[in-house]
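Order of writing sets the chain letters: A, B and C. Residues in each chain are counted from 1.
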C-alpha cells in the first residue's frame, strides 16, 4: 500500500516537474518545427535565438533596470527581429543560390558560432543572473513550485495554444501549411512565400526568445545555453515528427516528463544521455525516410 | 620551443582528423558531425587504460583500437542508412553522449577533476617530444598518401559515385551499404586512434576538451580547403589552425588581455568564413577538378591575394580608426574610403 | 534471362496500383511493355528489380541453371544477378567523367575494394577498349569530360547499364529526352547484343513505332494488370488495347 502511494507521488512529481521544466522546451521545439516545416532544413542557428532572448532580457532587466515582467515581451520581439534578419541576410540568399538542405545545416552551425562567439566578444562568457521579481511559493498535491514557474507555465501554454490555433485554424496557418506541403502549388495560388516566411521566422524567433528568457530566469544566462538546449530541441522535434506543430507540442511535454522521471531516479546528466541514445535509436528505426 | 612542438603536433592531429572527415564527407557524403566524439573517445580510452588499468602505451593502444572498432561499427550501423540530415543529427547526439559520459562516469574518467598523467610510448629524455612529433608526421603523411591514392583508384570512383547517387549505384550492382560501412568505420577508427595519440600530447585530460568546437574546427578546415579535393583537408588545416593557432599565437605580439579574446575571435571568424564559403564558393578553395600539380601555384596566388587584401584591409582600418587630417586630405583625390555601411549591400 | 512474377501486387495506402496474376518477362528477345499513363509500368519494373517493395507475391529468376526467388534480395543483389534497369528520369554521377562513370559501373566488386588503393594503377585494357568502342558509336560533345546536357546524361545512363553486361535489361522510356537518331543507334546496339544472345530486353515506351519495329513480344498493362500480351501484330489487332490505349 505504501509502495503504491510512493509510486503515485513519484508519477505526480515527474509529471509536475516535467511540465514545469519542459515549458521552455515546448516553445523552442514549436518554433524550431515551424521553420523546419516551412523551409525543410534543420536550423542550428535557432539555438542562438534562445541565448539572445535571455541576453536581451538581461539587457532590459539589468542594464536598463526594467522589471523582469516588463522585459519579457520586448526581449521576445527583439529576438523575433533577429531571427528575421538571419533569414533575410543569411538563409534566403543561400537558398536562392541553390545551397542544398544538408549544407544549409552546416551553414546554420556556422551562423550559430558567429552569433555565439560574437556575443561572447561583446558581453563576455560569464554567467548572468536575471533580477527576479519577488517570488511566492505554492504547494500543489505535495509538490512545490514558485509563482514564477506558474506564470511561465501559463504564458508558455497560452503562446503554444495560440500558435497551434493560428497554424491549424486561420487563413495564415493554411498558407503556411500550403507552402510547406506544396510550395509550387501554393505560389501558383497566389501566396507570397517571402512574406509568409518573414512572419514565420519572426514567430519562431520570438518563441526562441521566450524560451531563453524563462530558461534564463529558472537557472542562469550564459552564452552556451542555446547550444545546450538546441540538441534536445532538434531531438524533440524529430521524435514528434518534424513538420507537425502538433507533434512537437506533444513530444516536448513527453520529453519533459520523461527527463524529470529519469532525473528523479538518477542524475540529470543520465537523463540527457538516455534521451540522446533514444533519439539515435528512433532515427535508426525510421530508416532512410526523411526526418 | 616545447610549446611550439606541441602546437605543431596538435596541427598534425587536426590534419589527420580532417583527412578522415574528407573520406567520410568529401568522398562518401556521410556528414559526420560527431568528430569530437570519436576523437574524445579514443583520447579518454587511452587515458583510462593507462591510468586506471596501469597498462603500457602499446597495450592501451591495442585495446583502444578494439574498442573504437566496436563503437564505430555500432554508430555506422545506426546512422549510415539515414538521410544526410538525420545522419548529421545522430552523430552530433553521439558526440554529446560521449561528452556527457566523460563527466558522469567519475569512477572511470575522474569526471571534471581530470585524468592524468598519460605517458608517451617511450621516454628518451628531452628528445621525446621530437621523436613523437616525427612519428606523427610519418603517420599523417601516410594518411595523406592513402587519400591521394584513393582518389586515383577504382575504389575512389566508387565512393564518389555513392556520394553522388547512392540508389543509382546500387541499381548497377554495387553493395553501397557495405562499402559505406567499411570506409566510414575505417575513418572513424582513424579519428579514435588520433585521439589516443593526442592523449600523451595533452598528458592531462579534462572534459572541457571534448567540446563541439573541435568538430567545428575540423569541418571549417575541410570545407574551406575544398571538401572534395584530395589536398583540401591539408590546405584547410594549414590556413585555419596553422594561421590562428600557430602563426598568430607564436609570432603576433598579443597583450595578455587580448590573448583571452583570441580563441573566441577565432571561432567567430571560423563561423563567418564557413558561411561565406558555403554561400559564395561551395567547393572551397580547391575545386574538386583542380589537378594536384596545380595546387601549389593556386596556394601561392591565393596567399598573395589574401595578403594584399589583408594589407588594404589594415590600411582602411587605420584610415577609419585614426584619420590623420593632413594625410587624408592629401589622399582625397584618388582614394574613396569605403563606408562601413557599404558592407550591407 | 527470364523473370516470372506470380501474384505480384503493390498497394499504396490501400490503393492497388499493380496486380499481376502470372506473367514472365525477358523470354522473347526484345519485349515491349505498353499501357496508358499511370498503368503501373514503372512500378512493375521497380518491383522486378526490388527497388520497390512489393506488397504481396513473388518474383523468380529462371536462368539455364538457376531458379530462385528475388524476394529476399536487396536491389544490388538483383542487379548482380544480371537484371539491370535504365532510368526514366535523368540519373547521373555528376562528379564522374563519362569514362570514369563507365569504368565505375563495369568494374567488378573485387577490384573495387580497399585493396585496389594499394595496387598499381589498374588499367583494365579489355575494359578500356570496350569503352572506346562504345564511345566511338555515340557523339558526346566532350567524350573525355562530363555528360553535359540532359540528353547526354540519359544516353550515359543507358550505356552504363549496357557496359555492366546485363542478362536482362529493363529500359524505362529510353526515347524520352533523346534525339531520334541517337535512339535508333541505341536500339541498334541493343539489338546486336540481343542477337548475340548476351541479353534479353524489356522496354517501356510510349513511342509505339519503336515498339512495333523492335519488339517480338508485347505486354499491355492497364490499371495495374496485364490485359493482353502477344506478338505486335496480335496486340495491334486487339480490341481492348485499341479501346483503352490507342485512342480510337
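Criterion: a residue touches a chain if its C-beta (ideal position, glycine included) is under 8 Å from a C-beta of that chain, and two chains touch if they have at least 3 such contacts.
Quick caveat: nothing in here was measured; it's all calculated off a predicted structure.
Comparing the CA-atom centres of all chains against that of chain B, the greatest distance is found for C. Comparing chain pairs A-B and B-C, the larger number of C-beta contacts belongs to A-B.
Taking the mean of each chain's C-alpha atoms, the chain whose centre lies closest to the overall C-alpha mean is B.
One inter-chain figure worth recording: chain A and chain C are separated by 49 Å, centre to centre, where each centre is the mean of the chain's CA atoms. Work out the mean CA point of chain A and of chain B, and you get 30 Å between them. With centres taken as mean Cα positions, chain C sits 44 Å from chain B. Shown for chain A are the residues that touch two or more other chains, of which there are none. Residue positions of chain B with contacts to 2 or more other chains are absent. The touching residues of chain B, when paired with chain A in their complex, are 31, 33, 78-79, 81-86, 88-90, 92-94, 96-97, 100-101, 103-104, 212-213, 216, 219-220, 223, 261, 264-265, 267-268, 270-275, 278-279, 282. On the chain B side of its complex with chain C, the touching residues are 146, 149-150, 152-158, 160-161, 163-165, 167-176, 179, 182-183, 186, 228, 288.
Residues 49, 51, 74-76, 79-80, 84-85, 87, 91-96, 100-101, 103-105, 107, 109, 111-114, 116-119, 121-122, 160-161, 164 of chain C touch chain B in their complex.
Taken together, the chain A residues at the contact with chain B in this complex read 41-42, 90, 93-94, 97, 99, 101-103, 105-107, 109-118, 120-121, 125, 227, 231, 234-235, 238, 267, 269-270, 272-273, 276-277, 279-281, 283-284, 286-291.
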